[in-house]
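Only one structure is covered here, and it is reproduced in the block below.
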Amino acid sequence: MSRLISYDEAPPEVRAVFDDIKAARGVADVNNFWKALAVHPPTLARTWESLKHVMAPGALDPLVKEMLYLTASAAAGCTYCVTSHTAAARTKGMTPEMHGELLAVLGMAAETNRLAEALRVPVDEAFG
Amino acid sequence: MSRLISYDEAPPEVRAVFDDIKAARGVADVNNFWKALAVHPPTLARTWESLKHVMAPGALDPLVKEMLYLTASAAAGCTYCVTSHTAAARTKGMTPEMHGELLAVLGMAAETNRLAEALRVPVDEAFG
Amino acid sequence: MSRLISYDEAPPEVRAVFDDIKAARGVADVNNFWKALAVHPPTLARTWESLKHVMAPGALDPLVKEMLYLTASAAAGCTYCVTSHTAAARTKGMTPEMHGELLAVLGMAAETNRLAEALRVPVDEAFG
Amino acid sequence: MSRLISYDEAPPEVRAVFDDIKAARGVADVNNFWKALAVHPPTLARTWESLKHVMAPGALDPLVKEMLYLTASAAAGCTYCVTSHTAAARTKGMTPEMHGELLAVLGMAAETNRLAEALRVPVDEAFG
Amino acid sequence: MSRLISYDEAPPEVRAVFDDIKAARGVADVNNFWKALAVHPPTLARTWESLKHVMAPGALDPLVKEMLYLTASAAAGCTYCVTSHTAAARTKGMTPEMHGELLAVLGMAAETNRLAEALRVPVDEAFG
Amino acid sequence: MSRLISYDEAPPEVRAVFDDIKAARGVADVNNFWKALAVHPPTLARTWESLKHVMAPGALDPLVKEMLYLTASAAAGCTYCVTSHTAAARTKGMTPEMHGELLAVLGMAAETNRLAEALRVPVDEAFG
């Protein structure tokens, strides 16, 4: 299991990132992911900075972004990430029905991905 | 490269599926994926039947479903699937800006997925 | 693309492995995989030695072993391996119907693998 | 951890699927996978319907299909699936020796898959 | 195939990134990866900024970092990345013998990764 | 969970491998991985023999090999392997700073791997 660095024992540059995460998300403490990543402060700071920009509202709304994040994490088989992003998606409005449909798409994609590869399907010219 | 079965050489049970795909999508011919999958008619029929239901409008709209499909396919590294679902998402309204944000989320998820696993982060109790 | 080392340009320790592969398989030349792996003779020799033992008849017959190899390769998304092991399985007796059923199992496994992970299903006590 | 829906609390359409699974397998209760998937009844029904057809005896016997399923699940790294399909394969007759050989093929495939990709081996013309 | 944006057609914010890459690497033109990523300027800028920091000399020297990058890319099965990072590692001093040993470790890891998962090995207490 | 075979209950051919591992590593007992693999003595013997040769000092020093192994295992998402090879790398001299940089490269590679695939970037001619 990973070493988790709490706010109290964190050096100033880690506390600054934790403070920014807590303020941006309106939460009292950061998730274990950030406490574990704090073992390498430059990676902690860079990852949070990137995540903040990537997940900000844009052409896609935050719930859609969160569901894309969850789908990518599930396709990659990361248990921690599936758990944290399922929770985050619910907070942003994902209903059980939406979750069920996301799961159905995820499973269907996994099935057809493997079939397309196992059959070595040539790309259609029409796809451009 | 896979053997592709064209409509002309297809047996009746394959033609029936091809006809249904063409009608449902309003296209003149089916993609290579279906022509390759036609080597095993029961799998062709079952896969199309599932896909039709999974991708139908529901709690999630068709464009969101298509972007989830694209994200799962990209996370799984299936080139054919990435190509076909990028094309399909564009047809359903994905703009270049939306595509760019989808890519950013995809990449960010891949990075944090690996970090969470390499750090063996314990799941937060708060995630329930 | 990989550099391929032909028999004519190969050093003696590579030729010895190529000769053993050709004799064991009754073929006139080795596949590109071995010609590419010949860039590192110790890995070439070790890999062939392992493969020879692993694929020998045992509690599982050679066709079943070849279909397991093909399935693992398809699940891992290796195009070269899918192509070479599909060819090898056909040589060992895999019929189109058997291939179709293998594909169906492969796709079904991919789908349920992702669903089980995305739902974080706890292992049943009954599984022991 | 996933929410598991027991038979007692399940709505009628879920009970119908559970009943069919129990009858088909001759078991007193369904595995946790199905209880977790019951959060989305249409996906539960569709997945079971597909699985029932895919795993039925055909050109490949049930034990071979189960070992292919196990191999695909292990190659994809799904812990729950590896556990449940190892148990299922044993029930269908997989001996420790067969399991050992399956593992050897699985490991060997993983190794050569990565080598083939890292060397970017071009597909042999002979594979057709 | 991806759309590639050349320097001549690139907007100013893309040219600025291209200029920085060319200066940092001492090359006349950027690789296709950057030309493809330029379809979404914010992701282009963020990715390059991160890469520049991550790959800078630190506790690990640049050749070791490049070989780690190549290994991660090969384990993930990305053909483009394997090709570009093999080339980059050679430029930084990777000899054929070092490449051969890297491949051997990569293949060995893939094999034991799958075996450990398929056997569901419990983590040793001694690992801490 | 896997069945673990202890030294006391192991048959002679397993004890011989265990003895060799203990002597080579200067440890009092073998890790759980080897105890689990002992269910199939030929695979145990072959895997250890390969690992011993692959990880021996060569053109790459043992610490670099261990970090490559860790990176490959993390990219493949094997929890057991990440844990055991993180411990092994620390024993061989990996400092927290080196570990942090390894993680940064791992995450960066995962991100750009997915972007390169999702963009279907054509390989540069210059890579040869």
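For clarity, chains are labelled A, B, C, D, E and F in written order, and residue numbers in each chain start from 1.
Criterion: contacts are C-beta pairs under 8 Å (C-beta built on N, C-alpha and C of every residue); 3 or more make two chains touch, one makes a residue touch a chain.
Just so it is clear, the structure is predicted and the values come from calculations on it, not from any experiment.
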| item | value |
| --- | --- |
| Any chain in contact with chain B as well as chain E | A, C, D, F |
| Relative orientation of copies chain A and chain C, as a Cα rotation angle in degrees, nearest 5 | 180 |
| Farthest chain relative to chain E (centres taken as mean CA coordinates) | D |
| Interface residue overlap between copies chain B and chain C, same or different (over half shared) | different |
| Whole-Å separation of chain centres (CA-atom averages), chain D against chain E | 34 |
| Distance between chain centroids, defined by C-alpha means - chain C, chain E (Å) | 27 |
| Whole-Å gap between the CA centroids of chain A and chain B | 20 |
| Junction residues of chain B - those touching two or more other chains | 39, 42-43, 46-47, 50, 54, 72, 74-79, 83, 97, 100-101, 103-104, 106-108, 110-115, 117, 119-120 |
| Category of the chain touch graph - line, ring, star, complete, other | complete |
| Chain C residues within the chain E interface of the complex | 39-40, 42-43, 46-47, 72, 76-78 |
| Touching residues on chain C, where the partner in the complex is chain B | 77, 96-97, 99-101, 103-104, 107, 114 |
| Chain D partner contacts - residues on chain E that touch it in the complex | 70, 74-75, 77, 79, 82-83, 103, 106-108, 110-115, 117-120 |
| Of chain A, residues touching chain B in the complex | 1-2, 4, 31-33, 36-37, 39, 43, 47, 50-51, 54-55, 58-60, 64-65, 67-69, 71-76, 78-81, 83-84, 86-87, 95, 97-98, 100-102, 104-106, 108-117, 119-124, 126-128 |
| Of chain C, residues touching chain F in the complex | 42, 46, 50, 53-54 |
